[in-house]
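Sharing a structure, written as structure tokens. Questions coming.
Which chain is which? They are A, B, C, D, E and F, in the order written, and residues in each are numbered from 1.
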Amino acid sequence: MKKVFIDLEHLDKLERDGDLDIQCSYPFHRYHPYDRWGMRPGNDGIAALRELATYAVVCRKCESANCVNSCPQDALEKDDDGILRRYSLRCIGCRSCTVACPFGTIYPEAIPFLASGCDYCLKRLKPGEEPLCVKTGPDGAIKYTEMEPDEAKSIHKVGDHLVVKCEAWKR
Amino acid sequence: MDLIGYTILIPLVAGAIVRIVPDAFKGLKEGIALVVSAVTFYMTIMLFRQGFLESEWLGRTIFRLDTLSSFVLLWIGFFGLVMILYSFGYMRGKEYLKQYYAYMLFTLGAAYGAVLANDMIVLLAFWGFLGFTLYMLIAVGGPKASGAAKKTMVIVGGTDALLVLAVAIVWAMTGSTSLTQPSIPTITGLGVFAFILFACGAFAKAGAMPFHSWIPDTAEFAPTSVVAYLPASVDKLLGIYLLARVSLYLFNLTQGMMLLLLIVGAFTIIAAVMMALVQHDLKRLLSYHAVSQVGYMVLGIGTLNPIGVAGGLFHMVNHAIYKGCLFLCGGSVEQQEGTTDLDKLGGLAKYMPITFFSCVIAALAISGIPPLNGFVSKWMVYQGIIELGRNGGHVWVIWLVAAMFGSALTLASFMKVLHAVFLGVRAKKANGAREVGPTMAIPMLVLAILCLAFGIFAYAIPLSGFILPAVDSVASLSVPGIDEWLGWWSPGLATIMIIVGVVIGLIIYSAGRLKAVRPDSMYVGGELLTNEERVTGTDFYDTVSDMGFFSSMYKWAEKCAFDTYYIGRKISYYFVKGLKAVHTGILPEYLTWMLAGMFILVVILLR
Amino acid sequence: MADEVLEGIKAKFGGAIVEVFEKSPRRTYITVDPASLPEVAEYVYKDLGARFSIATGMHMVEGFEVLYHFALDNADRFLNLRVILDLDKPSVESIATRVPATEWIEREMHELLGIEFRNHPDMRHLLLDDDWPEGNYPLRRDWKDWRGGENGNEK
Amino acid sequence: MATKSKTQIIPIGPYHPLQEEPEFFKLHVEGEKVVKLEIELGYNHRGIEKLAEGLTYDQIPFLVERICGICSSSHPFASVNAMEDIADVDVPLRAKYIRTFIGELERIHSHLLWLGLAGHFLGYNTVWMWAWKQREPVLDLFELITGNRNHYAMFKPGGVRRDVADEDIPTAMRLLESLEKPVMMFTKIALQDPVLQARLKNVGVLTKEDCVELGALGPTSRASGVPWDVRHDHPYAAYGMVDWDVIVTQNGDVFDKAVVRLLETFESVKICVQCLEKLREVKDGIDAELKEIPPGEGVGHHEAPRGEVFHYARSDGTNRPIRYKVRAPSFMNVPTNHRAVVGYTVSDATITLAAIDPCYCCTERMLVVDANSGKQVMGWKDLLRLSQEKTHRLMEKYNSRMDRIWT
Amino acid sequence: MSLLQGIGFLIGGFVVAAVIGMFAHWFDRKITARVQWRVGPPFFQPLYDFVKLLAKEVVVPEGGSRFLFLAAPLFGLASVTVVSALMLRTVIFPGETFVGDLIVVIYLLTIPSQAVILGAFASANPLASLGGSREMKLILSYELPFLLVILVPVIKAGATIKMGSIIEYQATSGAAIGSLSGVIAFVIGLLCMQAKLAKVPFDAPEAETEIMAGAYIEYSGAALGLFKLTQWMMMFAVPFFLMMLFIGAVNWQQSWLNVVFAVLIYIGILLFITLVRNTNPRLRIDQIMKFFWAKMTPLAILAVILAFLGL
Amino acid sequence: MSLKIKALTKSIWVFHMAASPCNNCDIEILDLLTPRFDIERFGIQLVGSIRHADAVLVTGSINRKVRKRLKRVLAQAAQPCFVIALGNCSCSMEMFGTSYNDNKPLDEITDVHAYIAGCPPKPEAMIQGVVALIQAQLAALKK
């Protein structure tokens, strides 16, 4: 089964370099509710993917996590594996956690007030088609392939449909 | 031959000529008609000036002009002229022209004759002839009108027959056929019977209930000018003239007979106006009013006191004026819009201002709004009724209430007419209705202005001019001083007061920002109205007709339960079975029969 | 116990039932074949005596979904009949004649979502202005806001 | 007699004093008798369902609160019910009682409001004034408990936003008790005034069958003998735990609708009192601390003063729904006019139209308010100041033009 | 009566009726407010309203008859002015009136309503048409009992339709209301007056919540002001008319106390109007008709019969 | 002349126009008439026809369908007539800016003479707003 593949560092680098305009074809919430002039983006599935990937792969899973402690809304929790989870109904997007994390794990952009969704384009792709994020994303940073996780190459499996490459933070 | 003879003859002869003139010379026909009617009108004026005249023939006073007949004559002449003028515009492009002007003239002549007749036989002859011309004129309306014509013929002709009987009785009782001499007391059975027969004849002509039912049908199908001419004005004048003549001169009425008249009057007022309230056709509605208003005249005459009789006679004239005017307005509307169905009209005020103005004046006049003429005559009738109360008795309350309430109902139905025809929303946007031409507009305007003038100068012109002299000439009635009736209030002063009131309003207006009048679309809650969303107003009084008691009355009326014609037809259906042989079903044949019979009678009686 | 209802429907329209999802004892979602929707709806409405609450139209990934919410007031339970319609040309038989209360909501779904209800007695606009541009269905998920000046919106 | 009546159309609305909101009725009449009714909606439609898709679940109660200002807690009530249905959480008992209390208090205010308006529509302004005078204390109570006269902002998924302070309970009790007498008086007036009866009895009759067929709700159906009441049939919040009766009458005319509403007011007072009693004891918090709405779908409803409010939410796991459906009672009740109005006069039609207590706002569902603003942070004085300032500013701006107008 | 005198009375009548009418309107609103636990408008409110209306522009609906639309208010005002003048004169010189002035007054009193109807019809607005037709039906309903009721003092005064004689008769032999028939007739007369003034429960023609402002819907500015003024003046004219017929009006020649007495009675009648209108819902037009025709008319007939019997 | 000015400020007939509101503003307007607030004491009256209005209270955000009607009705008012935007909905656009039914705030449609903010504005605030309007009027007139 094909999976979405993200090369997080590559993505970061590209982002630092310049504009990164990755589009997403997630069918719901395509427009921002207060987007009167067409300026504000709507749902950005890629943000959801990156958040998921970051929590799974990059986060150091601190014992007494600063991020969790700092959250004024108790929106962050850790599950049994120590992976962070942000509860969408509680997080108010205040970004205290961003500041609190000593490792800079949580990017400010990654925690918008309005949570994004990604369904990995399941059920929506015609045979042979690639998700829109892959098509519009920078080459190599996002792919849609039959890729198996490979710890050696720092390619990790996150969920059933996502694999993430992240070299800087080797576990 | 004297002036009287010429007055009667000229129209008859001219009618015959017009009848012969080929249709191609339409202008000639119209010309003759106009000239003749104008001339005879002038002659009636002369006669009116003369005041009193008798013309003898074969040793009898056949024609007699007195203060009563002279003013009726004058008005007949006037209406003849006005209606013929109006016909120019109205009849344009209609069929049956050949007959039309001829019969108009015949009618004119016969009407003169009937009014001037002093001999009952002569009266009968003209009366019968009038029935015939009426029939023919209605028939001008085309095949649709034949039913109405037949109905008219039967009712009017039938009551004519009653008249014949009445004349015979009177002749048998007194040995005289003079209309003015004998004062027959209505104490004997025969006297009562004769009076009732006479009254029936008068009622049928004038259209009082229960002999009214020919009028609505006629109004609906006959040409409007005919309706305005005959049932609305001339027939009313004639019928009430006859009634006045017989009840004031010929007979000496008792309380019982008065009661009969009052009952008929009151009943006619209310019943007819109730019918008018729910009509959906303009002409039909007007015709019910033509019936209803007769009630006032009958009431007025029935009071048999000077003011009441004067009121009744005055009302007769007034009615002829405003009802003629209303029918002419109806005709104008019909000519411009092609229909008199109230549902299909509306918003014409802007397009036909003259018609609208005349119609408003006439409608307010008929409803008795001061200071118009209808108010004055109704007021006199009311006073007459209350005068009755002075002499004791309690029932006068009924007549008074009936008369006054009938007036409110009249107003109600004319509000409906004004709304449905002239106000409200324009029915068809595309059709560009225009004002009618001058030959039609002038008659309407003249009549409307008469309504105003006779209201404002009621005493100065009509009352002192001809009504009061006519009443005064009757032996049993003598007119008291006018001041007794009017006090310091006179219609003229009233008018000035109302005008001053209006001026006060105008001052207030001008204190406001009257210049800032701005036309704007109408407000219906922000939506724009589509044409179908207009309210025609024809159903305004459904609330009345839906009420328990009235709804059943109306249902009955719908089944013609109150129509003497249908009742009579049912009865006669059994009687006539034996006469089946002569019953060919061809109307002219019936006519011939009747005329022949009448002729024979005349010959026998005059011999 | 409540499943008498469910069993009854299954027994009667076995073939037409695509899926049954019981979220909780009080909420049941039944996906039915669009072709037999009118019969099922009528059965639920007439024979089970359910009250028609409302219908929800949705533009989902798989297609247009119409959810007819019926309340079984005696059993404290909501039966939701779901039909899934074609994405390109959503069309389903109207049940307005069988369940009169659906008339307005079907009109509304028609104008806001562009679902066609076959044989509906009156398909005029219900909520939107009469001059609302044709083929412009705001509740569809790909509906584009018109503040860009598109769609003939008056500026 | 050529008097066959023709049907004519009388427009009612969209701007019409009968309605506080714009709605367009076309009455097809013969004379004054109504033969057909056409209803045109859309003057209030603001696309609330679409807008709800753009808001988070937290914001939606505020959004739907502003669907309507009259039962401005009914929609949030139903909305949180729907969300809790998806998330399958249990709300603390205290929150349930508070919710029930607010819901019933609102019913009282709404029924009094309706009574007043009905009086107003009948030209009986005294009833209007008196009923609304009695309504003021209810609004005061709202202000005491929620901080605002209307738009209380009390509901949140998983609980309520504000607690009822113990010291407020006696005041509330007193207010509720003082309410019974005037309501009793109104009931008596309604039941006994012959003129009122003449206007209301056997007018705008809606048969039981029509009700069932058209799915009429609330007092509209209960007046016709259809005992639908979701509080009773599908108990939620604390309705299963307090003692009250469903009011049902049989005639379906306007009179019965009034009677149902009046009697329901008593029931509501009863419920309110019971809730307050419980609030003295039950102290288990007011919030279930809901973290997330999982993917799924949920149905929520609440018996608003006018009938069942129905909400349906579909979640994809983000903090916004992907479909939010609102069905207000009037959406079902307004079409009943098609049947109830026909055969009566125009005068009857107006009161019949009003008898279902329609509020098109929610029939058409629109969106309101900046969702971040949970509470009204300013007192009325501040608002006043703000509005004054703004007005002054504008007046200056427009002064030149006003000169023109006034001279 | 000379022309000048007539005009003098006319202007006097106008001023008196306008001032008292404004007071009556204020009184009505104030009492209404009191009944409804409100404070109510200030004393000069009617004046303010009127002046304000004058200061506004007049909008004429398109498609209507512009002339009639603007003229209708004038007719109403003129007739109520004339009525007031007539009645004042009658009260001041009861000996000098003329026969049949009663009928004149009755007729003139209906003209304001007719002006409203014509104005409504001229505005071409369907709701105004409905209002106008209701007004007409209202006239039909109350006119019958009203006429009968008026007959009671007429009969008592010996079949005279001279207002002066009616007043003089009452001055000598006691007020008409002092008998059974008088009481019945007076009460019915009050109800008819309520209808004549188009107040709840008989305000169907201008039912604001049914047909907006009904007949007045299209009127604005000075035209509306004139109508309002006419309405207010009617609040003087109609009660005064009833007082004249049943209570013998002021009788100021006898004692000045009678003037005070009359004012009190007038205020009492106003109070009655206001209280009735605040304790009843509006009736449907067919109910109004039934009420007047089926209930009031027989009662009025009874009163007339009683009057004949001398009761 | 001063009577005229006084009359203009002492007799304000308001027409209430709901343009896709939530009802609450409207109910609060009606509330103004009721015993607690009783604006009749200031000569303010609610009227049923726009022709009689001296001030129009517009509530609600104004959607596409209602906008046309609103414009039409405002044009039908007899001048001088003030337009008051009542409630946040009609004062500002932010709340409804995103609705597909094309809502717009009142001042984008017509000139507004006064804004009364609040959701719904307290009745006291409404009175204050109208009073402010009157005062501004007076000031303008005195100049």
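We take it that contacts are C-beta pairs under 8 Å (C-beta built on N, C-alpha and C of every residue); 3 or more make two chains touch, one makes a residue touch a chain.
Treat the numbers as computed from the prediction; the structure is a model and nothing was measured.
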item	value
Chain located farthest away, centre of chain A as origin (C-alpha)	B
E-F or A-D, whichever has more C-beta pairs in contact	E-F
Distance between the centres, which are taken as Cα means, of chain D and chain C, whole angstrom	26
Rounded Å distance between chain D and chain E, as computed from the means of their C-alpha atoms	42
Separation of chain B from chain C, taking each centre as the mean of its C-alpha atoms, in whole Å	70
Separation of mean Cα positions, chain C and chain A [Å, integer]	36
Multi-partner residues of chain B (at least 2 other chains)	516, 518, 520-521, 523-527, 529, 533-535, 540-541, 543, 546
Shared-contact residues (touching 2 or more other chains) in chain F	8, 34-35, 48-51, 65, 69, 73, 76, 79-80, 94, 98, 100-101
In chain A, residues with contacts to at least two other chains	28, 31, 33-36, 119
Complex contact set, residues of chain D against chain F	14-17, 19-22, 42-48, 50-51, 54, 66-70, 72, 113, 116-117, 128-129, 132-133, 135-136, 149-151, 359, 361, 364, 366-370, 376, 380, 383-384, 386-388, 390-392, 394-396, 398-399, 401-403, 405-406
Touching residues (chain side chain F, partner chain E) in the complex	3-4, 6-8, 10-11, 13, 34-35, 38, 40-41, 43, 47-49, 51-52, 54, 76-80
Touching residues (chain side chain E, partner chain F) in the complex	29, 33, 36-42, 44-45, 47-52, 54-59, 208-209, 212-213, 216-221, 224
Contact footprint of chain D on chain A as seen in their complex	28-29, 31-34, 43, 48, 75, 77, 87-91, 113-117, 119
Chain A contact footprint on chain D (complex, rising order)	51, 53-58, 157, 290-293, 316-320, 322
